[in-house]
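You will see subunit A twice below: alongside subunit B first, and alongside subunit C after that.
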Partner chain A sequence: MEHEIVHTLLPAIIIFVPIISGLLLFFLADRLYPYKEYICIGVTGLFFILVLSMYPAIKSGKILLGIFQYFSFPLSISFKVDQLTFFLGLFFSFVWFMAACYSPGYMAHEHKKERYYAFFLMAEGGCMGTIFAGDLLGLFLFFEFMALTTYVLIAHEENAITMFAGAKYLFMTVGGGLAVFFGLLTMYYLTGSVTFARPGLITEPSSLATAAFIAFMIGFGLKAGLFPLHVWLPDAHPAAPSPVSAALSGVMLKTGIYGMIRVVFNVFNPDFISKANWDMIMLVLAGITILLGSAMALLQDDLKRRLAYSSIAQIGYIVLGVFLLSQQGLTGGLYHLFTHAFMKGLLFLCAGAIIVQTGIRNISQMKGIGLKMPLTMVFFTIASVTMVGIPPFNGFISKWQLSLASLDAGQPIFVAILILSSLLNAAYYFPIVITAFFPGEKAAHHGHDDAEGHGYADQSEKVHSAAMETNHVNAHHGGHQVYYGGRLAQEAPWHMVVPMGLLAIGCVAFALLPYNWPWELAQMAVRSLFSM
Partner chain B sequence: MPQNDYVISIIPVLVILAPIFGAGCIMLADRYRPILRNAAILSGVLVPLPLVYYMYNLVKNKLFLYYHFDVLPPIGIEFRVDILAIYMILLFSFFALIITVYALGYYRDKQEGKAFFYFLLLAISGTFGVALSGNMITFFLFFEFMSLMFFPMVSYKSTPEAAAAGLKFFFMTIISGVAMFWAIMVTYNLTGSTSFGMDGLFSSTSPLVLSAFICFLITFGIKTAMVPFHFWMPDAYAAAPIPAAALSSAVMLKTGVLGLIRVFHDLFGLSFIQELGWNNILLVLSIVSVLYGSICAFAQDDLNRRLAYSGIAQVGYMLLGIALLSPQALVGTVYHVMAHAFMKGCMFLCAGVIFVNTGKTKISEMRGVGLQMPVTMMAFTVAAISAVGTPPFNVFVSKWHLGLGAYEAGLPWIIILLLLSSLLNASYYFPISINAFLGCRELQNIERKRLLLQPLRMVPVIILALGAAVFTLAPFNWPLNLARAVVNYYF
Partner chain C sequence: MNGEPLNNELVGILPLAIVMIPFIGAALATPLGRLSEKYRDYLTLTVTALTCILSALLFFYSWQGVVTAKFNIGFGELPLYFRVDQLGAVFNLLSSFIWFLATVFSLSYMTHEKRRNRYYTFYLLTLGGCLGVFLTADLFSLFFFFELMSVASYLLVVHNQSEEAISAGRLYIFLGIFGGLCLLTATILLYWYTGSVLIEPRLEELIMVPARILILVLLIIGFGIKAGMVPLHIWLPKAHPVAPAPASALLSGIMIKTGAYGIIRVLTVIYTPSGEEAKTLWAFTEQIGYVMIWFGITTMFVAAVMALFQLNAKRILAYSSVSQMGYILMGVGVCAYLGLDGAVAFGGFSFHIVNHAFFKAGMFMMVGAVFFRTGE
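Right after this comes the complex of A and B.
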């Protein structure tokens, strides 16, 4: 199928909307301070709408290409929206939008808000630039920009733990960036070009081609959190503020996957990779990642750490889907990418709501929390069920597809791994949900006392003021001790609940509707990738 | 090497004389009309700019400038402005202006900085002379003049450390001068000429030729702080006033790089060196420089010393690009000359701003300094990110070309080395920026108060920080095109 190419600067322009507004917010912080939340929400929302506005063109099989002449690197840079990048960009920008809407509630008692919102916007610009870049050089440029701006978000709270996690993230990600640089350089040396082409540019096996592949996998695998390079992830994701964790886990990890897809399909080509047996290595790594992430998640008591390890496992699914190198596998992988963006984003937002409203981070203290924050925990439950892959939800579709593709590829072992991992998913998500709603006799009291005893100093302060603010009806009874006054006493404010609710709807709705829109988009993306 | 048309012109001489006259005017102004002093200082560095621009327009149209003074017979003083010379003089004259303006801000107290400007302008004139010289004798003359004028700047603070550092530098200069004298003598004796632009003077080898080559390496190795000759530099940078350190790092180091390019491509000739494999000496030394400088930079707590060691590593890149003898690598070197000047110049000027405003020189004391002077530290951060080789900034371009050059030369493992060094760069620069901005919530309010900064100091810092990205983001990369023209000329 030939795709018609439409030359327009729209893809190039929309990348710079968040970046420039982020820079403005950062440098004109004094003047723009009162409007920072509105700017952040408005720009991310505008971005989502702009991406959505490209839908008619994309649906009719066109590719939007914007060659941006105003860069004079050794090579010029272009921006391209094709079926694949539209699929990713649409859902990612929605998750960013939801995280932005959620931010004001979470950040209400944080410091340096203007810096947070500015870097939030810049990180979004970097992330979307990585997706919409039309060649590998542009991809690398925005990849690095995203990595560096994200550092500031991760280290936002500036205590010893977050600084350590941030430093770990920063240096590993710089190393990963250099690996991508090496791959890029090798590719340019071998082929004289860094554009995305089909079939891939590198077609001759050589030691340099192997080196380039390894370098790309190190660079993108590190960002994605693939097995031997995942070590930064369980530190960095819990350390960041929750909306950022949601964006990190939900979206930014996937830029690594996107890079891998481009490497597999546009730098090399699937035949080449399967001939060289590189796909087997990556499949084994993906299998290890799935099992390791799931098993480690089971051991964590910190909720956000558990979610982070769970992200590692889910990334393994997607890598599995990509490296099965079949249309079916890639469709499953892409659909899971969308599913995971929504559900993991939602889970992190729920975790953030719990932290803000009660100051509890540890799962062992969350007994009975479903009674205090019913909506949050209902959303949490939906996301958990999706994660496990129970039929009517999105997660089921992607796991089904991945299993089918594994069987088709003659690798039934991966079906076993998927099932085992789903069991582990259930084992580490359901107890949270169950104890949240059925704490048992007196457990609610107990959990609460624990929270007071072991809570972080700054957090118990935050709890106090948050409870004061949201429950002004009960405030005169003495802050956070009043949750028995009403069932909704500690529920998060509406502006945090609504984004969570929208993401929860996204987890459920598409699977229940007769026309599964993301599924169609994923198929369209895969078709374009295989036929291009 | 294509033949070019020459036009006899006195303009290169005027460019060199302008700062010398400027220095003279400062002395007169200090004595008779103190109010004209700043005007005299600025005129010394402003007057060359239009002349350089005029020369640039000529050279752009493939018309080289040439002038010959019949002094020092039988060779004479020669000036020759080719494409490499114009690249260097553009860079040097721009940085001379930037650093002089900064020095005006740095020495607000006129009495304290009184003599400094004499030496600053004289050294600047020396660097101009080096850039525009047309044979090795002329090069030698201005090279020594520049080094000797730098010596009083190193010792300017009159502390015992400054005196010791100055003495160390002085002796290194003497050694470098002696080595160069020997090398030039051998060259002249064997070939009867020391002029540039002949595409290699030597035709046969002998131990004497090798000794000349090694003496050239020693001379320029000392100036560029290549590893076995690097030890004067950290001391000198830590002791010298910041404008002097910045001048040395951004401009004077580059005269050494320029000298090596001249030696490799003009005196010995590409094919000659390639045949004998002498470039491998420089290759090994430059690799050692890259690694040694990067690793040593870690251990330093004094910001100036850390910058100095990092400078050793960065110069290692440039020497590497020369030693690889491939066109792309030379593009990388020539571009890195510019990229490094912007990046390291910016860092030194930031270090100076921090020192002048807070008195801090130790990195461990600089926690929270970004809250006091956000613009300065932001500029520092931009330079640091640039140093790592992150895409939109200059150093990415130079590392890209150096990497391609390593592939062309068939030595791909050098790229791994470059990447390792970049990672080291990140790990010793980023903590400075991080500590300046983050992790300081417990600081007292008094320590977080924004300081009022002197605009004369800040404008150069901001210009240099912008320079880290302005060429790569512009519609066409002017220095890169010039660097490619240089390489086209030589290959």
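Right after this comes the complex of A and C.
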């Protein structure tokens, strides 16, 4: 398929819109303070619309490319939007937009909001820049930028736990970035080019090529959360504010996978990788990641930690799809990428709604919460059912495709791993939903008794600890007023429920419509990748 | 069975309508119930009556020819495929009629219970899923409705939210999801090896497939869990007693029949040869039938003996259901064993399914009526 290349600065402009807005918001914080939420929501919405506007061009097979040449630096930085990056960019910008709409409600009681919104915008620019970069150098630059801006978001709370998680993340991700840089250097040394214009730049096996591959996998695998470099994830995701967790899990992890896809298809090519048997190593790692993530998730009581381990497992699915090196596998992986962005984004937003409304982070304290926050828990249920892979929700399609692709590749063990992981998914999501809606008689009385002593006291929320003292006086259980952790539990405000609802619709709607738009886009992306 | 397809476009909408009307009813039940309990009851009654009438219509059409309909939804290459032959139409009509009777029963029984809106919503969702199972043409669509039915019926099992109900529900949904995943694995393997998941006589293809025994075992486990085949029946004596009486009637009377329906389709359709000359292939079907006969006999006896020791009326009925499913499964086994002469067995177990649906549903409702009046 011939792809007509359209030279335009649109991708570049799109990336710099959130970055510059974020910088403005940060430096002009005093003047812009009253408008910060509107700026954030407006810019992310604008970004989404701008990405959407590229759809007609992408659909007709064009690629949008913008190249910048700097002084005498031999490499140019380019921004490219092709079928694959459009697919990713569209759904990621939507998830980011939803997280932005959700933020004002969540951040209402927080401190340093201007910093949050500024870096939220800049992080979006960083993530999207990584995806829309047309060559490895641009990807690397935005990769580092994304790492720094997301660090600020992760460490937002500035308490001991959060700073530790942030530090762990920062050191690991900078290390990962350096690994990518090594790969970048090696690639330039071996081939003289770092662009994604043609497939298979490195074609001769050599120890340097192997080193480059390992470096790339370390760098991108760390960002994606692949075993054994996933260790920053279970600390970072719970520590961050929930909309940031949604964006991290939904979008940032996927940039690592995008990097891997580019490495497989553009730096090396699939034949080379399968001849060198590197795909087997990555498949084994993916399998371990899936099982490890699912198993560890079962053991967690902190809801966000459980969701973080679940993300690790789901990333394993996507990496499995990529390294099966077939069209079907990649389609399944890409579709799962989209599905997971929506599902996990929704799950983290629901978790955040529960935290904001009740102060509870631990699943054992969430008995009966579905009765007080029905919409939130219904969305949580929808997302959980999608995760398990029950039709007619989206998750089923990706599991089906990945299973078929594994069989095609002669690796039936992965079908067993996928099915086992689905069972584990059900085992760690359904009990949350069940205890939320069916607390049982005893739990309703204990709901506020054991909430006061546990878990959340060491997170910063000063508002919660003040309210908890009043709980001793106000222990009150009746039909409508149940106190959880000292706060009256009621449904989240509409501006938090609406983004969650839109994501939930996204989880359900596409599989039921005759024309499954993300599916078509994923197939288009895969076809363009394989036909280069 | 008359295999000629019915060439009538309009009739093709019937299977979809039969499935969609309960879904729409389920969506409307809770909002309407918030407004007025009376109107919600009328809605449920109307929905189930309408479904029953449409099922009767479909039954009538199915005697003229097989009704098929295909709907493309966004699952990539897998359409939602309906194919109603006489067996499916009989099950369908049976289920919708008994569901209607159970609805009439529910309207007054549930006045003693709480959370009626939720009950009716999931009641209708389960109806849609259950009927969908009987109307489908391929394993994928069957799986779709089967999972929906399992998840929706969970809400009926845990309805009164007692400790017992929640623990029964936990076992129910765990085994339900596990069974569903077994079915999914079998479907994936079948699709990959043969390129199609249609329910039609395919032993010629399947005999070449190296994983044919694995697929068979997975299908039997998946459907057997739902059917209450020993040793996969363990959820049944816990779940059926704790549900409200009309839901128990439906669980025992109809929903376990979906498992039986699956096993019937597997043994008498998928794993049978389609050609006349393939006499040697029938030997394979005979062997499967023989194994199923023994499972059926075991189920019959084990459950009947267990029933003797129970003191709770509903638990006796639950074990009795398992035992009766043993009769049915043995009949299915005999049908497969006898091969081309298996029509007698086919008639036998079909008739038993119809009878059992009526009398078990009736017994559960009777026990429920006693409970309603006396509290015992």
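Just so it is clear, the second predicted complex is superposed on the first by the 487 of 532 C-alpha atoms of A that agree within 3 Å, B and C clash if a C-alpha of one lies under 4 Å from a C-alpha of the other, contacts with A are read in each partner's own complex, and residues count from 1 in each chain.
Throughout what follows, a residue touches a chain if its C-beta (ideal position, glycine included) is under 8 Å from a C-beta of that chain, and two chains touch if they have at least 3 such contacts.
In this text, all values refer to a predicted model and were calculated from it rather than measured experimentally.
Chemist: Is this a clash or a fit when subunit B and subunit C both end up on subunit A?
Modeler: Result for subunit B and subunit C: fit.
Chemist: Return first, second, both or neither, reflecting whether A:H111 touches subunit B, subunit C, both chains, or no partner chain.
Modeler: The first partner, subunit B, only.
Chemist: Report for A:I288: first if it touches subunit B alone, second if subunit C alone, otherwise both or neither.
Modeler: In the superposition, A:I288 contacts neither subunit B nor subunit C.
Chemist: Is A:I214 touching anything from subunit B or subunit C once the two structures are fitted on A? First, second, both or neither.
Modeler: The answer is neither, since A:I214 touches no partner chain.
Chemist: Quick one: classify A:A426 as touching subunit B (first), subunit C (second), both or neither.
Modeler: second
Chemist: With the two complexes superposed on chain A, say which partner A:V231 touches: subunit B (first), subunit C (second), both, or neither.
Modeler: neither
Chemist: Once chain A of both complexes is superposed, is A:V415 in touch with subunit B (first), subunit C (second), both, or neither?
Modeler: Touch partner of A:V415: subunit C, not subunit B.
Chemist: In the overlaid three-chain picture, which partner chain does A:L50 touch, first (subunit B) or second (subunit C), both, or neither?
Modeler: Neither subunit B nor subunit C is touched by A:L50.
Chemist: Across all Cα pairs of subunit B and subunit C, what is the smallest distance in the superposition, given in whole Å?
Modeler: Subunit B and subunit C, overlaid via chain A, are at closest 42 Å apart by C-alpha.
Chemist: Counting contacts the way the document defines them, which residues of subunit A are shared by the two interfaces, the one with subunit B and the one with subunit C?
Modeler: none
Chemist: Under the stated contact criterion, what part of subunit A meets subunit B in this complex?
Modeler: It comes out as residues 69-74, 111, 137, 140-141, 144-145, 148, 152, 155, 158-160, 163, 166-167, 170-171, 174-175, 177-179, 181-182, 185-186, 188-189, 208, 211.
Chemist: Under the touch definition given earlier, write down the residues of subunit B that touch subunit A in their complex.
Modeler: Subunit B residues touching subunit A: 385, 388-392, 396-397, 399-401, 403-404, 407, 412, 415-416, 419, 422-423, 426-427, 430-431, 434, 438-441, 471-477, 480.
Chemist: Contact residues on subunit C for subunit A in the complex?
Modeler: 71-76, 78, 143-144, 147-148, 151, 158, 161-163, 166, 169-170, 173-174, 177-178, 180-181, 184-185, 188-189, 191-192
Chemist: Given the complex with subunit C, which residues does subunit A contribute to the contact?
Modeler: Touch residues, subunit A against subunit C: 385, 388-392, 396-397, 400-401, 403-404, 407-408, 415-416, 419, 422-423, 426-427, 430, 434, 438, 440-441, 510-516, 519.
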